[in-house]
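Just so it is clear, A, B, C, D, E and F label the chains in written order, and each chain counts residues from 1 on its own.
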Amino acid sequence: MQKLIKGIHQFQRESFVPLQGLFEQLAKGQSPDTLFITCSDSRIDPTLLTRTPPGDLFILRNAGNIVPPHGAGGGEAATIEFAVAGLGVKDIIICGHSHCGAMKGILDPDQLVEMPAVAAWLSNADSTRRIMKENYSDLEGDRLLSATVEENVLVQLENLRTLPSVAARLAKGDLHLHGWVYKIETGQVFAYDVESSQFLKLTDCDPPVEPAVQHRKTNLI
Amino acid sequence: MQKLIKGIHQFQRESFVPLQGLFEQLAKGQSPDTLFITCSDSRIDPTLLTRTPPGDLFILRNAGNIVPPHGAGGGEAATIEFAVAGLGVKDIIICGHSHCGAMKGILDPDQLVEMPAVAAWLSNADSTRRIMKENYSDLEGDRLLSATVEENVLVQLENLRTLPSVAARLAKGDLHLHGWVYKIETGQVFAYDVESSQFLKLTDCDPPVEPAVQHRKTNLI
Amino acid sequence: MQKLIKGIHQFQRESFVPLQGLFEQLAKGQSPDTLFITCSDSRIDPTLLTRTPPGDLFILRNAGNIVPPHGAGGGEAATIEFAVAGLGVKDIIICGHSHCGAMKGILDPDQLVEMPAVAAWLSNADSTRRIMKENYSDLEGDRLLSATVEENVLVQLENLRTLPSVAARLAKGDLHLHGWVYKIETGQVFAYDVESSQFLKLTDCDPPVEPAVQHRKTNLI
Amino acid sequence: MQKLIKGIHQFQRESFVPLQGLFEQLAKGQSPDTLFITCSDSRIDPTLLTRTPPGDLFILRNAGNIVPPHGAGGGEAATIEFAVAGLGVKDIIICGHSHCGAMKGILDPDQLVEMPAVAAWLSNADSTRRIMKENYSDLEGDRLLSATVEENVLVQLENLRTLPSVAARLAKGDLHLHGWVYKIETGQVFAYDVESSQFLKLTDCDPPVEPAVQHRKTNLI
Amino acid sequence: MQKLIKGIHQFQRESFVPLQGLFEQLAKGQSPDTLFITCSDSRIDPTLLTRTPPGDLFILRNAGNIVPPHGAGGGEAATIEFAVAGLGVKDIIICGHSHCGAMKGILDPDQLVEMPAVAAWLSNADSTRRIMKENYSDLEGDRLLSATVEENVLVQLENLRTLPSVAARLAKGDLHLHGWVYKIETGQVFAYDVESSQFLKLTDCDPPVEPAVQHRKTNLI
Amino acid sequence: MQKLIKGIHQFQRESFVPLQGLFEQLAKGQSPDTLFITCSDSRIDPTLLTRTPPGDLFILRNAGNIVPPHGAGGGEAATIEFAVAGLGVKDIIICGHSHCGAMKGILDPDQLVEMPAVAAWLSNADSTRRIMKENYSDLEGDRLLSATVEENVLVQLENLRTLPSVAARLAKGDLHLHGWVYKIETGQVFAYDVESSQFLKLTDCDPPVEPAVQHRKTNLI
């Protein structure tokens, strides 16, 4: 705690002054363009990663960057609704990461015996677990974990689409969803690419151009 | 009731005999290819509509052909899991219909004051309601109701995709989802067509050929 | 799917025309007298069994013909409320059946390891399971399964009575409840008979004559 | 508080000694024959009313002597299961009372605006409310309140029957259910009498003789 | 039952008359000062223990004298809200007791295999279980059970503080919370003493004098 | 999005290199000392505020920095359990902030008509709302909002204490809870001070010295 308190004093002496104008402006109201959903993991810093100043990212963080589907209630549905319907964000990013402890818990439930609330929470990633089990029996170790992180981002995007405020904006075509994975040890970001059905390094992805309503076309055969 | 009891006797005298061999065979086990999800409405008869004999359709029916997303529990998740993971069905059809009372309830909640369980149930169609409100303000009357029936089929398909047994089979590519609307007064069936982003008369749709895994590609920008 | 699509075309060519007048009439509104609750099993066809035309039966189907008690919410409570309070049905039939997969799941939970949603759903038949365990330890095999099917129909009828719309109509005396079991291999229907405390072949039952309010008398010692 | 503390000292000086042997015996274990469910109302004292010593009555008390049906979970289901399956009680009494504040809340929800937890709790008496509304529109004032108290006892008995431990013992025939109403101002107790379908003064009721399994016969037409 | 009915007649003949004036007065309305929360155990009689007449104690009883935190709903939240916001009680006592069966269930979950509703209910004492496990590994037998009873009273007091009606009155400073343990075999009552951080015999405790708002000060470092 | 992607490239070119050693170390595992719970608001940046590098703060963010009590489940309970029981953090900070949109929603529910998930979520701040209503009727405007932010931090700390992993560590005395409020426009941080019962500027607070077990003493009169 003493370290944190010193940090705050340092912030107040050094960092606040150059940002003072911005903060005074922001005190009148925020209007972020992006909702950034990521894990609570201490090794991820969304504003450092994107080099964004205060005011740009509305940030939702929990263990495993999980979004329960509509009906579960809870902080995720509320925070997303506030961002989408209240603040009118234009993009939602779900950003998983390498070495995620929650994903390890999905693969090895025995780790969770003393953490029943975590185990219950991961029921929102039951699809991730079942996808891995039925489709990736050939993988193990780091490669299995990496694939789990990726599949979980896709699963949580499916869950996200069931939230009414999101569904209504997707039908309108003015909200875009993005699936990312951040690799802690290299600083790389991988984004899901629809054409290749893979996560590609962010630079290799085409920038998003089509309206979201396009996706509705392609839900079904 | 007397009418029903007479009907059963008539079934036993007239209809059972020609089907006796089939029924005796089926008594050893069922293996339907299709899960048919439709409304409880008395005007829809899935086996009449598809001219299928006993054993072909596993049938889930409730008010509004609704599928709560994963996490809500309930009979729908269980019945679908039983069909997908237990029986290995290859296709799931969600079939809405014209003049649906549940959809009227979505558009006019005042009708539901004395039906609180129906009102609560329709929270699983909150996305339908919000999509209609934010995107179809120009429609009213029959056209609004028809559009609601169609959008609700798409919303329930999104919910369906969050069920783990469904998600795992979709990732594998051996399960296909279909969105239909049945028009009571004409006997027509309309199926959602991905290319045109519309519900088309069933004859005008291309038959489904691609594996379901394709759809995953197109979830995102 | 091709088989179903052919069936629909056959329906449209052959079956629709003789029913066209009925369907056009029904398009103006339904008024079924009976709510028929049965299993999703592909081997049961309520309209075939009762030889009823479209419009006669409001049909609720799920795995195990289960009715969660009041408070659980879900599609069953909503569909029943819609039938009872919205459509004014006069009779409710809960119809179990021989060889029911859900009932097998009650007796052998090990079958459900890969079907957690089914296992959770069957908690609404916990009374069935406990009744079997504490009262039928002498039965096994087919006879145990048959007794389970019967007891479950009675348990679900108890659950049904806790739904407010049902309770209010039962107190009024103008709603009747019926417990049936359908035997796939013989086409027979057995109905619960109060006097003998048994399920009897439908022909052997006295037709229902007393008002439902009578039953309230006999709830208690 | 000072009054209570004085009372406890008085208990220890005066009341404990004559009961010391009983209390020392009871410290080894309880085996009450009866589960007594009543309201938290300060004007009811079950042990005073029945003149029973410590050890005879297992007592469940909440606002409105309410028993949520199976599936709701909560303290009532647990306490009843403990009494029925753990302690093997032979009788369960649900005892409502005159002037019950919870029942007033059912009839006049406006009283509950500042008591949302009470309002939510009374959803377990939705059947009571709906029965009153649809069947007792001719009553008002004290007579309406008295009828509500009585009907609520019957509704809660229906809920009670959905609890698995209760259902299994009822099927066995060795558990008996009783519906009572206590009138504060006169000390009278009224018990539901099956034959006359009325609450009668306890002395006027025939003592219970039939096994509970009898009731199952009469559930249905 | 015959014993209870005889007891009621004895109450009516002997006990009611001296209390008739009080009961007639109470029929006009109750205004208890204290909410007494205790276990359903047949060996505890709150009015005997405190020598209080009808009208003094509003009494909530369930297995384990448990209070689920805000959000769980159920009879406890409702009953407490009714007492605090409706009746304006000034003190709430949570009273555990020696030899409590529910506490034994916390320590030995194997006892609860046939009592799933009890097991689920005790999740509201998960903190008790975890506190015991992580802090009392040196205790066993009676001493472990006694410590569990005490810690559980403290845990339930924490839960109690999350109820909005309680929190608002605590902030105001006119509601007092008390943690007690009753020892069946000796008739002793122990009350939690803040200064010594122990449960002390009631006589040895200083009477409560400070306003509840004081406690808010000391929630945090 | 283009701005974010540019930011990421800038991060990779400029910020990653000096942190590369740290990130490679962290890829082997995290061990943060502190769980920092704050609002999703885009104007708060916990790592900027405390000048901490990646790896120091485990961060939970949702609308309103809310912690549902034990039993509600959800991402908050899981994330906190993971931090406390899995990672062994030593301090938990709940940090509210000036101009919080969620707190405005508590004070003016009409703003939430189109945001039902937010409205439902704020039920976890029902105590905040009730405390404000019953104790701060003299405040309005900015002062009312500021007081609401502060009281909500205290309410969420109470909720936090009901989580079993937290309760067990508090009983052990090696976990410390802190209530903070961050003022966007000035960069100031206020911390709840037990002695004065007020939020004081962080510099004016005594550093925390006592073990958490002390707080248990002072829960009660």
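In this text, a contact is a pair of C-beta atoms (placed from the backbone, for glycine too) under 8 Å apart; a residue touches a chain by one contact, two chains touch by 3 or more.
Please read all numbers here as calculations on a predicted model, not as lab measurements.
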Exercise. Which number of steps is the smallest that gets you from subunit A over to subunit C via touching chains?
Worked result: 2
Exercise. To lay subunit E over its twin subunit F by CA atoms, how big a turn is needed, in degrees to the nearest 5?
Worked result: 180
Exercise. In whole angstrom, how far does the Cα centroid of subunit C sit from the Cα centroid of subunit E?
Worked result: 44
Exercise. How many angstrom between the C-alpha centroids of subunit E and subunit B?
Worked result: 51
For this session: Let me have the rounded angstrom distance from the C-alpha centre of subunit D over to the C-alpha centre of subunit E, please.
Result: 19
Exercise. Can you list the residues of subunit A that touch 2 or more other chains?
Worked result: 68, 72, 116, 126, 163, 165, 176, 178, 208
Exercise. When the cyclic arrangement of chains is written out from subunit A toward subunit F, what order is obtained?
Worked result: A, F, E, D, C, B
Exercise. Quick one: in the complex, what on subunit A touches subunit B?
Worked result: 68-72, 123-124, 126-127, 129-131, 133-135, 151, 154-155, 157-159, 161-165, 167-169, 171-172, 176-179, 192, 194-197, 208-210, 212-221
Problem set entry | In the complex, subunit E residues that touch subunit D | 1-5, 7-12, 15-16, 20, 23-24, 26-27, 29-30, 32, 34, 40-45, 47-52, 54-63, 66, 68, 72-83, 85-86, 91, 93, 98-99, 101-102, 114-118, 120-122, 163, 165, 176, 178, 184-189, 202-203, 207-208
